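The following blocks contain the structures, represented as structure tokens.
Here come two complexes built around chain A, the first alongside chain B, the second alongside chain C.
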Partner chain A sequence: MTKGAKRRGGLWAAQRRFILGVSIPTLLYIGGLSLFPLVWALVLMFFDYSPQRVGGPFLGLGGNNPFVGLNHFREMLVGTSMEAQLFRVSLKNTLIFAFAVLPLNLAITLPLAALIESVHDQIKALFRAIYFLPVVTSSVGVALMWGYLYHPQQGLLNAIIRGLGGTPVAWLSDPRATFLGVSVAMWAVIAAYLWQDYGYNLVIFIAALQGIPKEFKEAAMIDGANAWQVFTRVTIPLLRPTLLFVCVMTMLSSFSVFDIIQVMTNGAPNHQTRLLVLDIYENAFRYQNMGWAAATSLVLVMVVMAVTLIQMRLLRTEWEY
Partner chain B sequence: MTTPHHSPPLFFSPRHLSRFLAYFVLLLGLSVTLTPFLWMIFSSLKTATEITRVPPTFFPQQPTLDNYRTILQDPRLPLLRFYGNSLFVAVGNVVSQLFTSALLGFLFAKYEFRGKRPFFGFFLLSMMIPSQMTMIPGYLILVRLHLVNTLWGLVLPSFINAFGLFMMRQFIETLPNELLDAARIDGASEWQIFLRVVLPQLGPALATLGTLEFMGSWNAYLWPMVVITRVERRTLPIILTWYQSQHTTRPHITMAAAVLVVVPILFVYFFFQRWIVRGVTMTGFK
Partner chain C sequence: MNRRVLTLLLSGLLILGMAGCRPSTGASPEAGAVTLRLWVHQNPTFEAGYQALIDAYHQAHPNVTITMETFDYSTYIQTLQTAMPAGEEADIVQMFGTWVCGYAGRLAPAPADVMTVEQAQQLYYAAPIGGYICDDTLYGLPQEFNIEYGGVLVNRAMYEAAGLTYPPQWETMDDVLRDAQALVQRDAAGVMTVAGFDFISTDPTAFSFLAGILQRGGDYWNADHTGFTFNTPEARETLEWMLSTVTEWQVVDPVLFNDTTNWVGTAFFSGQAAIAYIGPWAVSMGLTDYPDFGEFGYFVLPHVGDEPIFVADSGWGLSVSPNSEHQDIAWDFVRFAAAEPANALQWNITSSTIPAIPENAESAELAQALPWITEELSQLPYGRYLGTMPDRDQVMYQIIYPHILNVLQQVETVDQALAAIDAEANATFR
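Moving on, here comes the complex of A and B:
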């Protein structure tokens, strides 16, 4: 073997050692803390499992934590137990929440992004920075400040309503108050969530708008289109890939909302704001009913995946610019 | 090209009107964004008598720092300890994730090996597993590892961040291979290349990822609440809700506590604003 080939061989060996040295611990880590928990969750949902009971030797399954087959899923569909009813309420609430948040969010962020994009550059940066503030604020902080805005006696919102001559509302605690068929408490948490989250989509839309070549708009203007026509016929179609991304991400995060709900209402009044992640959390960690909670978490995941796939279908684009 | 406006500009020309409307809407949005913050801050400066007034005042009539004093002197609430806990977890998460993201990004960007594609697919998959599903077994694993009620229980399970890995891979792919080969010819080992050649080039990407991760960790609520039940090990968001439950009739105190939790992260935000906006638009990381 020549000296050069030997050295090259040494280099390859060094690279191989590096590749193995990095990937083996990584695989072990991912396997142990990501894939194994997934498999465990998939097994857990077929057992009536609680960590408080001593079960069989393998992961505490079996024995006092018996195998129950598809019972949890049957219970979710037609069961009359308290947890089955709460699950169905939570699922319904979660769907209402997510399907209200998405259009409202887009109705706020898209026009606002276009407006911000139209103003002077330095002011633009300032607006963007301030609009993004709620996104970086701790959601517990958001929940506390909004909870106090909604306070029936001392809250700012009711003070404004009184000032305008209206009747104050018990925003987070009146079980009978509804608006458009959805409880007022639900609208109240939706508003708080929108406030916290809209800066995120706004920043993404602003970046996307900056990426659209000016020539497209100018060409439309020369052809006699007005600003509204340019926005609806040129800008929005060109934003479609961004729109898809934003829709998917907004749906994903609104299906997994927990923090502000748990702090502001904890599901009250009358479970009207109980969302699925809160339901899963309560069952798993408060009542230690982990088999059931794992089964309901699978339903949440399936719903999220289905909604994501549908959105990808609807907003697919065949072209790029 | 002809100019669209031949008439001399009037104040109420359509152009001015739409400009005026644009600023009006933007300022309205701004006040909606800022009012809850101001409400929190002003409420935290009110006295116990002023806070119970109906209808409430917006600006504090006799601003006082008493509420902050009450919190800082509360023996049940050694606030420095909780700042320390939050800081420990955030720094642990940031350091570990920056290191693994850069290292694995380097591996996937610059090395060819058998099984690379399925290995990478593995990460894609792990990224798509929703945390709600792995939360329960994740907790049971921590119980068996005796990491429940420890701050390490908040650091160890999130050593690897798939988003960070993707971001770093994209970044490292743009580095010229000649740079790495030159270092190899000079006798550098692969680890030395990573530490001395690749890492120093990653400044902006590391700043972006680090800031996003710091804020995510600082604000995290659900997982810390699952893992930590002992009071003295809590992080700031959990201690905040606990404190609120102790003071349900004293919102001025709760608001002051909220200010103390929210403000540090706002400082981080104003320092690193550029990186955060860039990171969000680049990766969609949340």
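Moving on, here comes the complex of A and C:
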């Protein structure tokens, strides 16, 4: 045996080379494309930084890109600048969007999953495939299709409304139209987003329902429970771990929605559908206001983290079946 | 050191040495083979114009190959903003004149043998050359007079169907609005299906607002151009007039006709707008998308006040990267494309744009090729440069237009909008 092949730390030299060979590219990839941008964003949020301006000698920081400390965060809270006002509007819209999408999504997917679960296995697969199709459809395509449906003059929805003798609605462009205190445009994009997204949760719920032992339901029925009682008192409690996962994932995707909004409304009318990710995108890549966009990104991360922790606290389970 | 390492080291040195033997940056168009990159934003007619210029230049200088790389408009802005600080832009970049001073530190000044500031001011109209001169230094050459003010497309069939005289005979804006009222069409539910006069789009709305201020005797710049003055009686009068077109004249529905819902160019060429306020550059785009569109005319709107004073962007043109290894050839191409009148005119005709060179604007060849443009020519001497703003697109598209749209959609009052425009536009000076 050669000198280099000596065993060290429980590993042979060849094993160490293999481990280094496969892990170094991965670490470089993660470091370069995730860690570095993350650290850079953490630095930028304390600067009024724009790559358009020629800043100081070190990474363009300083000089025309001055250090501003926590000014961005102070401005977000109490500032009167256009960026600050749009940030607050976007944050409010994002919360409305996320907290509307989650219950609506659950209200559609959970009963639908229970219905599909109750049909024959062969038909079940067909339904699953049909409902999952929008999930794998391009968001831009979905946005364009819904845009046509909502078209004020030629859209299908208004054609139906006209046919029924009603007054057509400018679904995506009327800033004065509201429903339950939320703009109609926001409800319209929520509907489009739900249509695209609900298949994902549906498949998860179907899988979870299949995992619940039949004995639990049978025992409840022997004790005299009807179908509704079995669903609400046996099935749903046993779905709690799945519910937690679905709630967290739905919230995460709702907070980060971008493409469907940008194509359908681009934040219009009157910023009523402007969500935080769109706000960050506009500031960062349209107006090169990178420092502000980085600070906004941190706020979004904090909001998402807080909502996720609350969900985990409320829906946690300490049992298995 | 073993033999393999030594071989690798020597090979590396050899490659480095060869890299150092590239042609010098002082190569002339007649020197060895040279390849330059040209960046432009995507617009089929503009691209066709550039390709013709590239082919003509290659014919004159067979050793020079210019490759055109295109980006859609918003991607182009982002690409410029990120590539320039990194020094990775193309040798020649298409610039919108009004942006140029914002990038001046990252663009190559024009060499005196290409053109001096004085020569440029003599060759071009004031508005288009204005944006290319920053601190008395020339940073590129304009190719077009980017006029967004005052011109409208008129649908002849709709005019005749409404029993109106064609071509229109307008003396005042009231004449325009009277025609527009007769041209409005609604469906059984009362929804506007054809706008009589559609002016609600970013550029037409913003530029007619600025022209309205000037023609009423006001100004949106303070005395030394260090801030904006939007909250003025002249601005209020202009905005109130715009609102009256919606509330009193009812010639356009701002909810159904705006930049997001139904862009004015598309609305006109798809038969949803009878009179559409837009720059002449939209004509060739519209005819490309709607080749079977019937007869139309391009007419100039009456002005308010004594003279049709208006402001214009310093339009599209070409600049050179200071990082180009062949700046001299790049500048030679820019001069060939934008300063040789015959070439510049061909580009204008292909792209359906108004020439930046007066001699070309007044040429019979242009009048024959683009008859609708001739209507605009009488206005050109009244055009002023918009002025160098900290962020022109933000001021025009994120501040002025959205607030005016809010007023027209009646979710903001005139006073609220003017106060907001004034405060937000001035906040861009930071």
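What we mean here is this: the second predicted complex is superposed on the first by the 310 of 321 C-alpha atoms of A that agree within 3 Å, B and C clash if a C-alpha of one lies under 4 Å from a C-alpha of the other, contacts with A are read in each partner's own complex, and residues count from 1 in each chain.
Rule of thumb we're sticking to: a contact is a pair of C-beta atoms (placed from the backbone, for glycine too) under 8 Å apart; a residue touches a chain by one contact, two chains touch by 3 or more.
Predicted model only: the values in this text are computed from it and were never measured.
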| item | value |
| --- | --- |
| Touched partner set for A:Arg162, first chain B, second chain C, both or neither | both |
| Touching partner for A:Ile236 - first (chain B), second (chain C), both, neither | neither |
| Touched partner set for A:Tyr287, first chain B, second chain C, both or neither | second |
| Touching partner for A:Leu309 - first (chain B), second (chain C), both, neither | neither |
| Touched partner set for A:Met82, first chain B, second chain C, both or neither | second |
| Touched partner set for A:Gln153, first chain B, second chain C, both or neither | both |
| Partner contacting more residues of chain A (chain B vs chain C) | B |
| Partner chain(s) touched by A:Ala170 [first = chain B, second = chain C, both, neither] | second |
| Touching partner for A:Pro51 - first (chain B), second (chain C), both, neither | both |
| First, second, both or neither for A:Leu70, with chain B first and chain C second | neither |
| Footprint overlap on chain A, where chain B in one structure and chain C in the other make contact | 51, 153, 162, 285 |
| Contacting residues of chain C [partner chain A, same complex] | 74, 77-78, 81-82, 84-85, 102-103, 105-106, 187-191, 193, 255-256, 258, 260-261, 272, 391, 393-394, 398-399, 402, 405-406, 409-411, 423-424, 427, 430 |
| Partner chain C, residues of chain A touching it in the complex | 48, 51-52, 54, 60, 80-82, 152-153, 162, 167-168, 170, 172-176, 265-266, 268-271, 285-288 |
| Chain B contact footprint on chain A (complex, rising order) | 11, 14-19, 22-23, 26-27, 29-30, 32-38, 40-41, 44, 51, 59, 111-112, 115-116, 118-119, 127-134, 136-142, 144-146, 148-149, 151, 153-156, 158-159, 162-163, 195, 199-200, 203-204, 207, 222, 227, 245, 249, 253, 256, 258-259, 262-263, 277, 280-281, 284-285, 290, 293-294, 297-298, 300-301, 304 |
| Touching residues (chain side chain B, partner chain A) in the complex | 1, 18, 22-23, 25-26, 29-30, 32-37, 39-40, 43, 51-56, 58, 100, 103-104, 107, 111, 113, 119, 122-123, 126, 129-141, 143, 156-157, 159-160, 184, 189-191, 215, 218-219, 221-222, 226, 236-237, 240-241, 244, 251, 254-255, 258, 261-262, 265-266, 268-270, 273, 276-277, 280-281, 284, 286 |
